[in-house]
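Here chain A shows up in two complexes: once beside chain B, once beside chain C.
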Partner chain A sequence: MALWIALALALAFLVAFPLIKLMIASVETRDGAFTLNNYATAYGRARYLEALFNSLKLGALSAAIATLIAVPMAWAVSRTDMPGKGFCWAMVMAAFVLPPYLGAIGWILLAGPNSGFLNVLWRAVTGAEDPIVNIYTFSGLATVIALHSFPLVFLFVKSALDLISSEMEDAANILGAGTFATMRRVTLPLAGPAILGGFIIVFLETIALFGTPAIIGIPARINVVTTQLWQFFEHPVRMEVAAAYAMPLLLITVAMIGAQKLLLARKGFVSQTGKGGERREIKLGAWRWVMFAWCAGVGLFAVMLPVMVLVQASFAKAWGRGLSVDNFTFRNYYHLLFEHDMALTSVWNTIWFSAAAATIALIIALLVAYMVVRKLSRFADALGFLAMAPFVIPGIIMAIGFYAAYASPPFAMYGTAALIILAFAARFLPIAFANASAAMRAVHPEMEEAVRILGGGRMTAIRFVTAPLVKRALLGGWLIVFIVATRELSAAVFLVGPRTRTMSVLLYDLSEAGNFEVLAAFGGILLVITMVFVAVGMKLAGRDFMLRRS
Partner chain B sequence: MLISRRTIAALAAALPFAARAQDLPAHERTLHEAARREGELTWYSGQYSAEHSETVGRAFTARFPGVRCNVVRSTSQVAFQRLSQDMRAGAAQCDVFSSTDFGHYSLLKRENRLLQYRPENDAGLFPDLRRADPDGYYHTSFMGLYLMAHNTRRVPEADAPKKWTDALDPKYRNQIAVGHPGFSGAIGIWAVQMRKMYGWDYFTRLERNRPMIGRSSLDPVTALNAGERGIGLAVPSSSTSLSISRGNPLKLIYPEEGVLATISPSAIPRNAPHPNAAKLFMEFTTSRYLSDAIRPMFGDPIHPDTAPAEGMRAVSEIRLISPTQAEAESGVPEVRELWRDTFGV
Partner chain C sequence: MSRLILSNLTKRYGALTVVDGVDLALEEGEFVSLLGPSGCGKTTTLRMIAGFVPPDGGSIALDGAIISAPDSVLPPERRGMSMIFQSYAIWPNMTVEENVAFGLKLRKLPNAEVRARTAEMLETVQMAHLAGRYPAELSGGQQQRVALARAIVIKPAVLLLDEPLSNLDANLREEMRFEIRRLHNAFRITTVYVTHDQAEAMATSDRIAVMHAGRVEQIDAPHLLYARPRTRFVAGFIGRTNLIEGNVANDIFAADGFSLPASSMAGQALPPGPTLVSVRPQSIGLHRGVPDAPSGHPVMQGTILERTYLGESWDYVVSPAESGLRLRVAAPPLDVHDVGGAVWLALDPRQLAVVQ
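And now, the complex of A and B:
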């Protein structure tokens, strides 16, 4: 009983209170009187409304591109005999861990209309006047976002495809359908819910994204919800207006999830039966190279090219001067590692904030999952719902909620490490919860019952039986939360203090300092750190720990 | 390779700072003792570029050992946004606030947010820069010169603009880069000045030339270095010169109407957690040691004992333009809104 009250309090603190506070703030004046003026201010100008429409358009376009990129990849990896699947996995994984704002900077270097490498190359080869790609456009912005969010669709769709047995495809083949007709009319529709789910996730991620729209959107002259929210935090800080402005975003999110449920509720997508069908790879013949080229192309554009130009810039004196010996320098790294006041502190902040947040999230998630799976309390499902709720709250809105709830006295947590850690923990609680409950489901209660029969308490059973059994799965969950926390920007940017800046926030600060070389070098450091942790994760939790979906 | 020329220059510049306690003037020694007990200060800086700010922070600690300077560098409006967020949350985190938008200071002073303190070293600044506030709530710590620059490969000398209004010529369509008044304090001041001289029409016409809009006033320098754009508007002379010294094909343009000067102060918030360190930092910024520290990187000295960096024109030879503080305070929020209406971001 004490446990569940403690859990309820923890969840109330992390999830419910900031949200409620946000809703209250949106209908209050600064003195606490009821008002609807905040909504009038938030939606009283055409420019503010336009930002909202831009966000919706951007979300839809990015999600569409990401789906287009990811579905063929997922199909090829899951169902066919395409070569180079390991490479394909690596690219998806790399695109997943590459922070989106870093990819955005890479793409500025690649596709600036005049100076971008791709355009310089294009002009040199064809003698054309006009650039082949221009990053500073709506479609450019959407493509860059899609290139860093397609792994989400890939993960959803691939795990769905993995479950479909070849018999269904065989049936179509026997009735005369070719490989591609089968894919189109049987396999993909069966994966429909997963595709839709992936689409929605990318849509939600995109409308909540702050870094990429700030870095590319401003020169491209595209204002979106997140950059507009940022403007409401200019002096005088109009948190109430920001809260009001954020409400529709929250509603849209809830509506999308609801719509997904409705759409899928009445159809049958059962592909798993008790009979355990056979799963064979489809022989693609020469087409397997086409599919491989597709995957390699995605890897090239999402990972290899951006990372390459970033690395080049990080070792350059002036990136515009390109590759040459006299343009090579370690100065940018030296500056960050030995001269910069905050660089190393922010590295350390990032590591320990993320580690602490991952630990907190996982402990809470584990306990809640235990109660839900073992049905220990009538209220367990309510707790489970709260643990999953942050899933539908865009990070930047969560940050504003945290600012509204805990920045001022009596909590007075603004600028403290604790505030950021708790915000991260809340933001990534759903990931931890999904992992923990999957792990819990895999442990049959009879093993715990054995302990109870022999006189051990529930805690003894958890400690000596359940915990060791789920250890590996939880380690994977911990690492995922840790890694996504290290790249989190939108939740951090409103909550950091001078000494609690994380790498992502410092990168954002550097991005407005007019020095791309140092910025790229700092990105390089961030990437190396992430790679170390991914490597550790693969070693300890299995090669596919990032990509397992449960 | 590891120890670059710049590092050596920075070290050389730092050497004379390592003053022993008895070498310090009496008022600095007393403050240093008190500041040492506080151990550190946090500096919200939008005035100097990121590189300059880091150098200044290190030079301060070198001169006053035992007092660390936490440099929080951003654009001026973002620094002000952070300060406002602190104030709104009732959190005391900032010890010294430095912004290129000098309108911020009359506002903060009126709201009674600032600590009254006149550094003794203020009397040693260039005469025009002394006593920025007669009541002693803020003091000059920065003089930025904002002018134009061109990438000589993209826009040859003969075709380059000579005046601020030349930038409106349709031949510069898709050639111009500029910062954003919602982020950069200096760009806000510049926009107020342009509006004062030419009306808002200057910007509606500028918009037709499709300028590339960054955030910081430094962003155009990056765009010029890369060859992304040919002309930078309202770029800082210091960072542009630093960039030229590194081999980028840029050239400064001194507009005929005058160079925008932002003579900007720093202030100590009333609730500063390290007031003595903050006062000591104010003494430092008004002493020659700040000017000495930024000189190797082409910063504009505010102390007469420091000569301008090599190749830089002395301020006395340049025609300067600038709005008044009152114009800045009311004007910057206005031009920020107008800008967003005109340019969409």
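And now, the complex of A and C:
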């Protein structure tokens, strides 16, 4: 009983209060009187409305590109005899793990209109005047986002395709459909809900994304909702206008996730009903190399090229001069590690904020999941709902809610480590909760009952049976929260103070300063740290622990 | 004194009464099955005995002490019982030996005794050679044996089994059925066994309590349940049967097409009025010519309407002449009759059971 009250308070503090405060702030004047002026201000200028429209366009375009990239990959990996599937997986995993703003910086170096490597190469080869690709355009921005977010579609579609039995395709073959007709008229429609589901998730990720639009969009004068929200926070801070301005984003997200749930529930994954069934790989013949080239190309553009230019720039005196001995220097790393006053602090901040947030989120998630899965209280389901609620709240809105609720007195937590940790914990609570309840559900309640009937109490059961059984899954969950927290930008950027900057925020600051060599070196440090933790995770919790859908 | 007594035990979930006033008493060393279709309340009853589910009414007493009542429920860990679960609930993080020893260790027995009793138990269930294995490395039947060993080794006051064989394939199920009875004969542990499979209940139990819609319909030895069903539900649920409506007047039971002395059917005198009797397909005689029946045994001429060969016997549907009845009659494989053929039926009043 005491436990549930404590949990209810924790969830109210982390989830309910910031949200309520956000909504109240949007209809209040500074003095606390009711007003609709904030909404009038937020939607009263063409520029603000255009940003809203841009967000929707950008979301749709990025999602379309990501779907186009990912569906053939998923089909090839799941259903065919394409070679190099392991490599393909690795590329998807890497694209997923690579922080989006690092990819964005890599693409500035690759496809900046004047000195981007691809454009320099193009001019050198063809003698043309104009660049072949320009990252500072709407389609450039959408492509960079899609190259980072396509793994979400890939995962959705692949797991749907994995469930389709070959007999479904055989049934079409026997009636006279060829390989291609079967794929187009049977396999893909069966995966249809999954494709649409992936599309929606990428759309929502994109409209809530801050880093890439800020790094590429602001110089390109493309304003979207998230960058506009950021501008409301520049001096003088107009938090109440930001709150009002954030509402459509929140409503769209809630509505789309609701729509997606309905869609998946109604059409079901038809194929899931077909239990078992043999699965055979489709023989592609020479086409298997075409498919492989497609996957390799995606890997090249999404991961290898951006990372290569970043690494090159991080060791360069001037990145535009390319690879040469006299251009090589450790200066950038030396500067960051030994001269820069914030770099090391931000590394340390990131690690301990993320670790603390992951621990808090997982402890709360675990206790709530235990109560929900074991039906220990009538109110458990309400707690579970609160724990999942941040799933439909874009991170940037969560941050504004936290700002509204706790930045000013009586809490006066603005800029403190505690505020950032709590915001991270709240933001990633759904991931922790999904992991924890999946782990708990995997332990049959009879496992605990068997202990009790033999004479052990509930605590004995938890200690000797439940805890050992969920340990690995929980470790995986902790690492996932930790890793996504280390790269979180949108929630952090609104809440950090001068001494509580995280790596992602510092990286964003550096990108505004425009020193790409130091920026790349710092990206390199971030990448190495991420890779270390991902490697630890793969070692402890299984190869694709980050990609498991819960 | 009975070992375990359920009195007027009741459990409601919202408006639904899943266990409705169950009375049951188990003698020391007795093996009783709760048998019934799914949703009849048998598992809920078992879980109330175990202490996992608190009752809404009535009580459970173990050796004379109340252990479950609406306001006070002794937790499962203090009942000295053990249970075999439908999922087996073998702990995958422990070896076979650790699983079996767990209950003994909780009782803080000396290590030497724990080891000795565990080894002896594993020997009894023929699992000694797999003591060091983990459950994931065992077959379904072997896991079942571990579950049995783990439950029996602590010498529980009452052993509870919740559909323990439902996850096994048919052959293994038959083998484990005899294994469970063998272990019961060896250890004489008071046992409550929940199943929906009547063959399982028949093979293992001293007595069977047939449950339906939360109530116990009848408690009897297996053969009496078959020969003397007392309710329409029991007659229909245990084996197959013909239910015949009739009327008792002046000590004569009259049905559509035949009549017989009412006193020849049941032990006690039947009250006059509408009466329902059950007669098993196996206990109706099927003959080509007029059978030579003792007096008081009704004989009817009839026509074969349908026939199905079931492997062990023929299943005929016969319509007696000048009667609206349709009777199922079983006959040995070589008693072949064609559809439309004329036959004679002979009823033995002792095989007719009056049901409610």
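In this text, the second predicted complex is superposed on the first by the 534 of 550 C-alpha atoms of A that agree within 3 Å, B and C clash if a C-alpha of one lies under 4 Å from a C-alpha of the other, contacts with A are read in each partner's own complex, and residues count from 1 in each chain.
The rule is short, and it goes like this: a contact is a pair of C-beta atoms (placed from the backbone, for glycine too) under 8 Å apart; a residue touches a chain by one contact, two chains touch by 3 or more.
For clarity, every value in this text was computed on a predicted model and none was experimentally measured.
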{"item": "Which of chain B and chain C A:R499 touches, first, second, both or neither", "value": "first"}
{"item": "Superposed model, chain A: greater residue contact from chain B or chain C", "value": "B"}
{"item": "Which of chain B and chain C A:W319 touches, first, second, both or neither", "value": "first"}
{"item": "Which superposed partner A:I218 touches (first chain B, second chain C, both, neither)", "value": "first"}
{"item": "Contacts of A:S62 with chain B and chain C, given as first, second, both or neither", "value": "neither"}
{"item": "Touched partner set for A:P236, first chain B, second chain C, both or neither", "value": "first"}
{"item": "First, second, both or neither for A:T226, with chain B first and chain C second", "value": "neither"}
{"item": "Partner chain(s) touched by A:T350 [first = chain B, second = chain C, both, neither]", "value": "neither"}
{"item": "Complex contacts: residues of chain B adjacent to chain A", "value": "1-4, 6-7, 10, 42, 44, 49-51, 54, 57-58, 69-75, 77-78, 80-81, 83-86, 88-91, 93-94, 154, 180, 182-183, 212-216, 218-219, 221-223, 225-229, 239, 243, 246-248, 340-341, 343-345"}
{"item": "Contacting residues of chain A [partner chain B, same complex]", "value": "47, 50, 112-115, 136, 214, 217-219, 221-223, 227, 231, 233-237, 239, 317-321, 329-331, 334-335, 339-342, 403, 407-409, 412, 414-415, 494, 497-499, 501, 509-510, 512-516, 518"}
{"item": "Residues of chain A defined as touching chain C within the complex", "value": "444, 446-447, 449-457, 460, 464-465, 468-469"}
{"item": "Touching residues (chain side chain C, partner chain A) in the complex", "value": "50-52, 75-83, 85-89, 91-93, 102-103, 106-107, 150-151, 154, 160"}
